[in-house]
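The block underneath contains the structure these notes are about, expressed in structure tokens.
Naming follows writing order (A, B and C), and every chain is counted from residue 1.
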């Protein structure tokens, strides 16, 4: 059985349905990416999995349990973590406080979790007393990732982690994501930079008009000429 | 027979004051109901109108600045013009503020005006207030005087109602509601949001000034107590919300009902033993506050809700469930 | 020396009172996202609750303060449950209107239970203490300033050293992310009311010690409190404290005869100073004076 199984998921805002039946499987420890044109419902899918957007039908199973429409607090305790695209840090809190807030819902000792994140992001340890509002875009993204990791998740959901970053910083963030995945944590992310994302991904899912069209390994999707023309801009 | 006359007089005065509140509520309805502008300083505009008309029409007294002895109609028209000017000025400065801040700014202006009224004795006669303000129809006999004044108030309410209904149904009214419900969309359609809001604010302030003038002439007296936020701002808000905001009939029904209720509870507390009478009057205020809470929670759209349906709020509900 | 004794000290005292009131206003705005227009009347209630504790238990006003803070906090939690929380998913303006109603209800409750006349905690004239012959400060002013510093320190430790305090700042900073983190808004808002109302009770007591008890005392302070909160950047507790001190000093110093033997602003218009500062801030720097440095 896969870690995350999405079956015929329908979801949207109010009466407007955006996802019309999505089927995706994510294996434990896998780095997978959701790509597709604007308006395909990529972010909506991530939010629907995390219970922020209302689901209208279908099922989401995580680690063997049905989590369809479950509230974020419950999902976090089950081992799911989520980094929103925007507003994903607390700017008037320090780096250390941001991480501490990430672990708010788990009652485990804080220090080992903090140390694990500082080991992954040494730069954050140096800046742990600094206000996050004073950090650069790339550093903030590190804080956002580290904050989500504080609950010790099995699967990390990322909504466009490189949006608005320069190519150099973008590459850094992809590096961090690979490093996180290297520790055995599964990653499911939505990305606009399809090529770069597919290059590091184990598996890719193409979403268009609210349905998933193709699924395959990153390399397969990159090699698929038809795919490339349709979704990767040639 | 005397009792009957007494009840008749009571009813006439009840309707007169209720009608004056309706003028105020219609003005507030234009600002809040149609424009979504939170004016928490109604008492300020009321005071501008009341004092303007009072100062202009009070008899000339040697040695006093107060009192120009001008005709009542001049006083009333000037009251409307002056409150429109103050409304324009306040609106120009404050309307770009969002709801809470606009409330704060308008309260502030009303409180400053209250300070001015209390302290600028040369102009307002301070806490003693302005007396001997002329009242129209004084030559009529007995109760007919009061009837005639009620007729005047009723005519003003009717005229204002018709004008506001025409305005609400005109393209102008549709734009106002569009701005209230979705400012960004209205702006995207090329509507000058700021200018429309300012127009609504100025017209509303004018009605509030008019209600002030009508009050001053009705009582032949105006003092700082009449401008306390409780008596004007707060009560008129309760009236409009209970009646139904964005519905001009509600803005007339609400004031008359609430004022009747307010006065009836005064009759009740009047029957209490003297040592309880003062507490009773505070209890009335408490109950009006409670009434507002009940209306907000149970009948948020008021007795007469807005007629054209608002856009569905399904998104909000879904977000909550999700 | 007249400047210090007659203007600066009263300015700091008034500023401390404003700071304690404004910090609650700012916390409530940050966490619950609405301007709490009944905050002044919560202060009034705190002052009168102290009066009752003083007469019931024979305590001094300062010793009775913890009881009054607790009572005021409980009242605020009750008000939130009954009148504010039902509107959590409604447009903010509805809660603002509800809080107007609560302001009125609180004031009339005070009038019903304690009467409308001016009251004081104790009688008798208290002499100011003189330092260095010319520097004079009344004992009650020392008590107010010291107590305000103690309370602000306690708040500071709560906000920076406790899990709940940090969560309060987090909610205030980024509500949606706080939810993703699993921070429970109900718990955080409860503590927001405990601190907001508790500090308001203290502010009410200090105002009553400095002047006297009156049912309108809190309502009359609403304007300077908002001015202080806005000056400090609403939602930022440390800004509100600084804003309170600035507004208090500005109001008292505005009566200082700087250029002639007449006060700069007639004393009757002191409140106008707060208002002028507030409007100027709203128009030119609505984010407050201390941008991005809300906490250090």
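Here is the rule we go by: a residue touches a chain if its C-beta (ideal position, glycine included) is under 8 Å from a C-beta of that chain, and two chains touch if they have at least 3 such contacts.
For clarity, every value in this text was computed on a predicted model and none was experimentally measured.
Q: Suppose every chain is reduced to the average of its Cα atoms; which one is closest to the average of all protein Cα atoms?
A: C
Q: Give the chain pair, either A-C or B-C, that is connected by more C-beta contacts.
A: It is B-C, judged by the count of C-beta pairs in contact.
Q: Could you grab the centroid distance between subunit A and subunit B? Build each centroid from C-alpha atoms only and quote it in angstrom.
A: From the centre of subunit A to the centre of subunit B is 54 Å.
Q: Would you kindly tell me how far, in whole Å, the mean C-alpha position of subunit C lies from that of subunit B?
A: Subunit B and subunit C have C-alpha centres separated by 31 Å.
Q: Which integer distance in Å separates the CA centroid of subunit A from that of subunit C?
A: Distance between chain centres: 43 Å.
Q: Where in subunit C do residues touch two or more of the other chains?
A: none
Q: Pull out every residue in subunit A that's touching 2 or more other chains.
A: In subunit A, the residues touching two or more other chains are 52.
Q: Find every residue in subunit B that makes contact with two or more other chains and list them.
A: 319, in rising order.
Q: Provide the residue numbers of subunit B that touch subunit C in the complex, in ascending order.
A: Within the complex, subunit B touches subunit C at residues 38, 40, 93-94, 97, 99-101, 103-105, 107-109, 111-112, 115, 118-119, 230, 234, 237-238, 241, 278-279, 282-283, 285-286, 288-290, 292-293, 296-297, 300, 316, 319-320.
Q: Per the contact definition, I'd like the list of subunit C residues that touch subunit B in the complex.
A: Checking each residue of subunit C against subunit B gives 29, 34-35, 37, 82-83, 86-87, 89, 92-94, 96-98, 100-105, 107-109, 111-112, 115-116, 222-223, 226, 230, 266, 268-269, 271-272, 275, 278-279, 282-283, 286.
Q: Subunit A touches which residues of subunit C in the complex?
A: Contacts found on subunit C: 163, 166-167, 169-170, 172-174, 176-184, 236, 292, 294-296.
Q: Flag every residue of subunit A that touches subunit C in the complex, lowest number first.
A: 50, 52, 72-73, 76-77, 82, 84, 87-93, 97, 100-102, 104-105, 131, 133-134, 147
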